[in-house]
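Chain IDs A, B, C and D follow the sequence of writing; residue 1 opens each chain.
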Amino acid sequence: MGSGLIIKDFLIFSPVIILTVWGLASLLLDLTILAGQESSARNRSLGLFTLLGLVGSLILCQYLAFDVIGPAPGKDARIFFGTLNGGLLYSQFASLVLLFAILVCCLSMVWSFTTHWGEYYAMLVWSALSMIVLVASEDLLTLFLSLETMTICLYLMTAMEKTKRRSAEAGLKYFVYGSVSSALFLFGLSLVYGQTGSTSIESIGRILSTTEKPGLSGNVAGGVAVLLIMVGFGFKISAVPFHQWAPDAYEGAPAPVAAWLASGSKLASLVAMVKVMGGALGSWAVTTSPTSPGWVGLLALISAATMTYGNFTALSQTNLKRLLAYSSISHAGYMLVGVIAVGISERREEAAAALFFYLVIYGLTTISGFALAAWIDRDRGSENVDDLNGLGRRHPYIGVAVCVLMLSMIGIPPTAGFFGKLYMFMEALNVGGADRVTMIGLVALGLFNSVVSAFYYIRILKAIFLRDSDKGDLRSMGPEIALPLFVGSVLTIFFGFRPATLLEDMEHISMSGLTFAQKADPDKSPNAAAVITPVILPIKPIANQQPAVSTPAQAKPAGN
Amino acid sequence: MAHFDLLTKNDFTPILAQRMFYEQVDTVLWIRWGLYLFAGFFAVFPLIVAYIVLAERKIAARFQDRIGPNRVGPFGLLQPFADFIKLIIKESIVPKGANSFVHILAPILTLISAFLVLAVIPFGIGLAPVDLPSGLLYMVSVSSIAALSIFLAGWSSRNKYSLLGAMRGVAQLVSYEIPQVMSILPVILWSGSLSLVSIVQTQQYDQGWFLFSPPGILGFLLLLISSIAEVNRAPFDLPEAESEIIAGFHTEYSGMRFGLFFLGEYLNVFAICCLSTTLFLGGGSLPLQGYFADEADHMLVAPFDASKQSVLKLNAHHEFPENPSTGFRINITNIVGETQAFQVSHRVGNDLVLMANRPVEFKADAYSRVSAAARPSYAAPWHLSNLIMIPVFLGKVFFLVFVIFWIRATLPRVRVDRLMSFAWKTMVPLAIANIFVATIWFEMVIRPVGGFSARLLAWLVTGLLTAGAVALVFRINRNSYQANDPERRPTLISRSGDSLLAATTRGL
Amino acid sequence: MSQQIPLTWFLYFAAASFAIGLMGVLMRRNAIGVLMAIEIMLNAANINFIAFWRYGDVPQGEGPLTGVMMALFVITIAAAEVAVGVGLILLCYRRWRVADVDEFDTLSG
Amino acid sequence: MIQALFIALSAFGLLMALGTVFARNLVNAALFLVAFFFVVACQFVLLEAEFMAAIQVLIYIGAVAVLLMFGIMLTRNIQGDETTIVSRQWRLLGVGVAGSVLIVLFLGINGFKPWTDLGVRPEFPVTAETTTERGQAIIAMTPTVGREMMTRYVVPFELAGLLLTAALVGAVVLAQYDNTDEKTASAEPPQVS
C-alpha cells in the first residue's frame, strides 16, 4: 500500500466532512447566537439551518455522482486504502440517507418536544453521516465503528424528550438491547477475523471462498460467528427473536426519531448486512451438505418468524406508532427474504437491486406514516388510531395520500410497494438448487402475510374515511408535516408507474458497488453500464397477488 | 522496508536499545538492577519523602513566621523518624461495617501508583529503572489508578464526608487529567518519542530544554498546575478540605494506613516534579547544553567537512566494542533513501569517524546504527557524567517541590465550582491552543534544523500566538462568568463541567 | 518470550469470559450490572482480536496490525458506550428512583 | 513456567469475571471488574502488545471503571448495596445459555484446525540485516499505530473522535438535571427489602 493519502478521496468524501462540521456548527449556534431564546424558536431556526446543510450535501452527493465518480466507476472505486467505497453505492445511498434525513428534519420542526435543540440536530446530522459511512464501509472496522456511532446517536435522540417518561425508558431499553447485540456482533466479527486474518470484506469473501472446502461443513466456529453476526444485524433491523426493543423504542421515542429509526437506520443496517452476509460470508450461504445448512436456512427461519409475528401482533395494536413499529418488523421480515436471495441466487446483483428498491420505497412510506403520527401527536398528545377518525372527510387530499401509502405498504398495484414486493419475491423465486423449496415457501408465506397485513392497514383507512371524529378537528398541518407525507405518497405513485427508473438505478448501484464472494466467479466486466439489463416485467398476469407464485415461468426469459 | 523512510531515529533508538539490553542482560546486571529497585523503592524514595515532609513543615513555618519542628535531633532533622514511629505504634481502626479489604487496599493502591510512576523516570544516564518505549503512556495510565484508589478509600470507610471528598477528588482528578495529558503532547511531538530517556536525550544533545520556547513555557505551566491538582495539593486540595468535609477521603484512616496515604501523597508530589523536570527541564542536562551540540547532531551524521570525513554521533548510553574499527560497518540511508555501508575508521570520544568519499547529507538508519552500536557495557563516561547529571536533576526537582510548597503557603483554596470551570474552561482550551502553537514551533525550528536566527523568529511568532491565545481564553471566561444567566453559559464546556459537578454533588 | 502458549488457550479464555458476560447480561437486573457484563464481553472480543493478530498472518495491503487497530477502536467505542449508558441510567433513575431494567413500566413492552 | 503463569492468570481473571456477575454489592462487582480488566491487560502483555495493555489500563481502569462507580454512586444508596436479585428461572436460563455458548465455542475452537495447529507463535526477528513490517509493528507499536491511524484508518480515527464528541454531548444532555418529569410526585423511592 502506498503510504500517503489521496486528495481526491477527501473530495469524494466531502459531503460527510460537511455534515460533521454542520453538526458542530448547530451545537455552537445553539450555545452562542440562539442562547436564551424560546425553545420553539430555536427549534425552527436550527431546523432550517440543518435542513440547509442536508440539502447542500445532498446536492453535493449528486454532483459527485455525476461529475467526479462518473457513471461507470467499476468495482475498484475504493477510497482511503480500500476501507471505503467511493463509487455509486456510496454516493447514491448517501443521497437516499440524506433524503430521509431531510424528511425527518422537517418532521422534527413540527412541535417542540425537547429543549436541547442544538444537540438534537447535531445527533440527527451525525447519525446520518455515520449511516453514510456504514453504507460505504468496505472494512469490518469501519463498519463496526460507524454502526456503533449510528446507534449511539440514535439512543441519545430516542431519550431526548425529557418531559416524557416513556422517552427515557425507550432510550434505556434500546440502549441495553443494542449494546448487548453489538457485543455479540463484535465477538462474531472477531471469530471471522480469526478464520481469515483480514478485516476487509472483499478479501474475507475471497479467502473464505478459496479455502479447500468452502462452506460451513464441520466448521463450528464459523457457524457460531455467523450466528452472532446474524444476532447483531437482527437487533439492528429488529428481526423477530431480537425485536423486543423495537415497539417500545418506536412508541417511546418522539415521532420524528421513530421515523428515523424505522427508515434510516434500517436502510443502512440492511445494506451493511447485504455486504457482510453476501460479500464476506457469501460462501457460507448455500447448503453444501446436510451437515452444514449454511446461513440461508437460519435466515429463512428468522424471516418467516419475523413477518408472521410482526403482522399478527400488529393486528391488535391501537397505538399508531406501535402499529407502525410492528409493521416495520414485518417489513424487515420481507426484506430478509431479499437478503437470502442475495445470498444464494445466481443473479446476486439483481437480487440486491430488488432488495434496495424495496428498501427505498419502504423507507419513504414509513416516514410518511410517522408524519401522520407526528401530526396527531402534536395536536392530541396521544397517537391512537382512533385519533385519525374522520380525517379523510375534512382533509381529502391527506386522505388520498394516506390511502396511497397504506396501499403501498400492503403492496397493491399500482403503488411502488407492489413492485418492491414483486421484484424481491421474483428474485427469490429465481434461485435454484437445494434451497429452492425454502424460497418458494418463504414467498408463499410472504404473500399470505401481505394479505394479513391488509387488515390493519385497512383499519387505518377505515378510521380515516368511514368513522366520524368524536374529538375536535386537528389543526391544519404545516408544511413540515405535509412535505414528508406528500413526498412519500407522490414518490410511491411515481415509482408505481415508472418502477424501471428506480430499479435501473439500484441495479447500477449494486453492479458497480457490491462485491460478492462467489465460488465460480462469472466474469463481471468492470464497467457496469454494459452489464445492466433492466428487467422488463409482465405486469398483466400479476394484477392480483395470487398467481404471483407462477411468475418465474414468465420471468425467467425476461430475467437474463 | 516500506516504512523505514517514514521513521525518525527516535522511534527506534530507545526501543532497540532496550531490546539489545535485555537480550544481553547477565546476572551481574540483574543484581545491579535489583539493587536499583530495592534501594530506590524501599530506601531512597521513602527517605526523600520523609525529608520533603520535614522541609514542608519548615518552609511553611518560615512562611508563617514560625520556627517549625526543631526538637528531635539537630535542627529537628530526626523529626520524620519520630513521626514514623508515632504512626507505627498508633492503632489503625477499620470503621464498623466497612469493607476492610478495600479499606486497606486503597492506600496501597495510591502508593503503588506513585511508585510505578517513578519507575520510568530517568534520574541519570542509564538510571531509569525501566526505559519503556511508550513510557509516557505507561506513566499516564498508572497515574490514572490514583483516582480509583481515592474513590475506594472514600467508599470503603462508610462515612458521608469521606464519600463526598472521594467524589470531589475523583471528579477533580478526572477533569485535570485531560489538560495534564494534553500539555504533554508538544513534548511528544518535538522529541518524536514516548520514551522518557529519549526525550531527555533529545533535550540534552539536540534541542535544548523544551522549556525554552513559548509553547514550552505554556505547556510547562499547564503541566505543573494540572499536576498540582492531580495530587490534591493546595490550592486544589478540595478532597481534603477540612473546613467543609472533615478530612475528605482519609477521615477514617488512622495509624500506618494514614501514613501510607501520607507517603503516597508526598511521593506523588516528588513524582510530578520529576515528570516536569524530565519533560520540560531537560532532565539532568545543563541549561544550554543542547544548543552547544552540533547543529546536525539530530541527524546522527554530520555533513562532510573539508577533510571528507563524516562523524557519527552516538547517544551517550550506547557504548561501542573496544575496537570499533575491526570489520565494523554501518548502514546509513541518506535523504533520498539509498543505503550505503560505511567503514568506521576510528572514534573520538563518543563520535565515530566514518570513511566516506562523497559529500551527502545523511540520515542514519536507526536499525543498523543501534544494532551495531548498542552494547550496553556501562563504562567510565557514563558514570562520570552521572556525577554531574544526578545532582542537577535533583536540584531542579527540589526547586519545583519548593515552588509547590510556596504555592500552598500563599494561595487560598479554590471554590469547588471554580475548580471545575477552571479545568474545563481555561486549562483545556489553553492546552489545545498550545498544541497548535507547538506544531508551528516544530515546523519552524525542529524539522528544519533551525539555527539561532530561526529560533529567534519562531520565538517572535509563537510568542505572539501564545500570548494571544492566553488573552483570548481569559477574556472569554471573564465574559462567561459575567453572563448572569447561569443555565446557559455561552460555552459548551462550562455546561458539561457544571453538570458533571452538579451530578457529583446532587447525587449524594 | 511466551511462545509456549498455544493460541487456543487465549481463545479459551476469551470464550469463557464471553460466556460469563453473556450470563451476566441475562441475570443482572440492575442496568449498571448489565453494563459491566457488556464490558466483559467486549474485552473477550478484544483478546480474540489481538491473539489472532499476533498468531496469524496479515494479508498484504492491510497494514501490519489490523487486529490491534480493531481492538483499539473497540476500546474507544466501549468508553463512549459506558458514558452514554450511565447518562441514560441516570435519566431513568431520576424518573423512577430505581435502576433496574424491569422496573420501567410506562411502555407495555 | 510461562504456561503456568498464564493458567494462573486466566483462572484469576475468570474468577473475577464470575465475581462481577454474581456479586451482590455493585461496588464489589465493579472492583472485580477492575481486576478482570487488569488481567486482560496482562494477557495483552503476554501477547506482546504492551501498548494495548497500557491503553487498556488507561481507559478501562482509569476511565470506564471510575465512570461505572459514579453511576453506581448516583443510582444506588451510598454503599451501592445490590438488593435486587433475579428470579430462579432467569438464573437457570442464564446459566444454561452461557454454558451452551461456552460448550459450542470450545467445540468450535477445537474443531478449527488452523487454530489448533498454531501452537507456536510466529517470530519476527528484528536485526540490523533483516526485518519485517510485522516485526517493526510489534517492537514499535506506538509509532506504527500512529502511522496507521494517519493513513489507512484515517476515517475511523476521525469517526471515533466524532463518536466521543457525540457521546460526551449526549451524556451531558441526558444527565443534566432539569426537573421536567411528568409525575415527579410519584417518584418516591420504592421499599426495597
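By definition in this document, a residue touches a chain if its C-beta (ideal position, glycine included) is under 8 Å from a C-beta of that chain, and two chains touch if they have at least 3 such contacts.
Only a predicted model underlies this, so the values are computations on that prediction, with no experimental measurement involved.
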- Contact tally winner between A-C and C-D is C-D
- Task: Please indicate which chain is farthest from subunit A, where distance is taken between mean Cα coordinates of the chains.
- Result: B
- Task: Compute the distance, rounded to whole Å, between the mean C-alpha positions of subunit A and subunit B.
- Result: 51
- Which integer distance in Å separates the CA centroid of subunit B from that of subunit C? 33
- Whole-Å separation of chain centres (CA-atom averages), subunit A against subunit C: 27
- Message: Nearest whole angstrom, what separates the Cα centre of subunit C from the Cα centre of subunit D?
- Response: 5
- Query: subunit C: which residues touch two or more other chains?
  - Reply: 11, 18, 21-22, 31, 35, 51, 56-58, 62-63, 69, 73, 77, 80-81, 84-85, 88-91, 95-96
- Query: In subunit A, which residues are in touch with two or more of the other chains?
  - Reply: 1, 3, 27, 81, 141, 145, 148, 152, 155-156, 159, 162, 165, 171, 191, 194
- Item | subunit D: positions in contact with at least two other chains | 51, 55, 63, 70, 74-75, 105, 109, 115, 133, 136, 141, 144, 147, 151-153, 156, 160, 163, 166-170, 172-175, 177, 181
- Task: Please name which positions on subunit A make contact with subunit C in the complex.
- Result: 1, 81-82, 140-141, 144-145, 148, 152, 155-156, 159, 162, 165-166, 168-173, 175-176, 179-180, 183-184, 186-187, 189-191, 193-194, 197-200, 203, 207, 244, 247-248, 251-252
- In the complex formed with subunit D, which residues of subunit C make contact? 1-13, 15-24, 26-33, 35-37, 39-40, 43, 46-47, 50-51, 54-58, 62-65, 68-69, 71-73, 75-91, 93-100, 103
- Residue ranges of subunit C touching subunit A (in the complex, touch as defined): 11, 14, 18, 21-22, 25, 31, 34-35, 38, 41-42, 44-45, 48-49, 51-52, 56-59, 61-63, 66-67, 69-70, 73-74, 77, 80-81, 84-85, 88-89, 91-92, 95-96, 101, 104, 106-107, 109
- What residues of subunit D sit close enough to touch subunit B in their complex? 27-28, 31, 34, 50-51, 54-55, 57-58, 61-63, 65-66, 69-70, 73-75, 78-80, 126-128, 131, 133, 136, 139-144, 147, 168-169, 172, 175-177
- Residues of subunit D defined as touching subunit A within the complex: 104-105, 107-109, 111-112, 114-115, 147, 151-156, 158-160, 162-163, 165-167, 169-170, 173-174, 178, 180-183
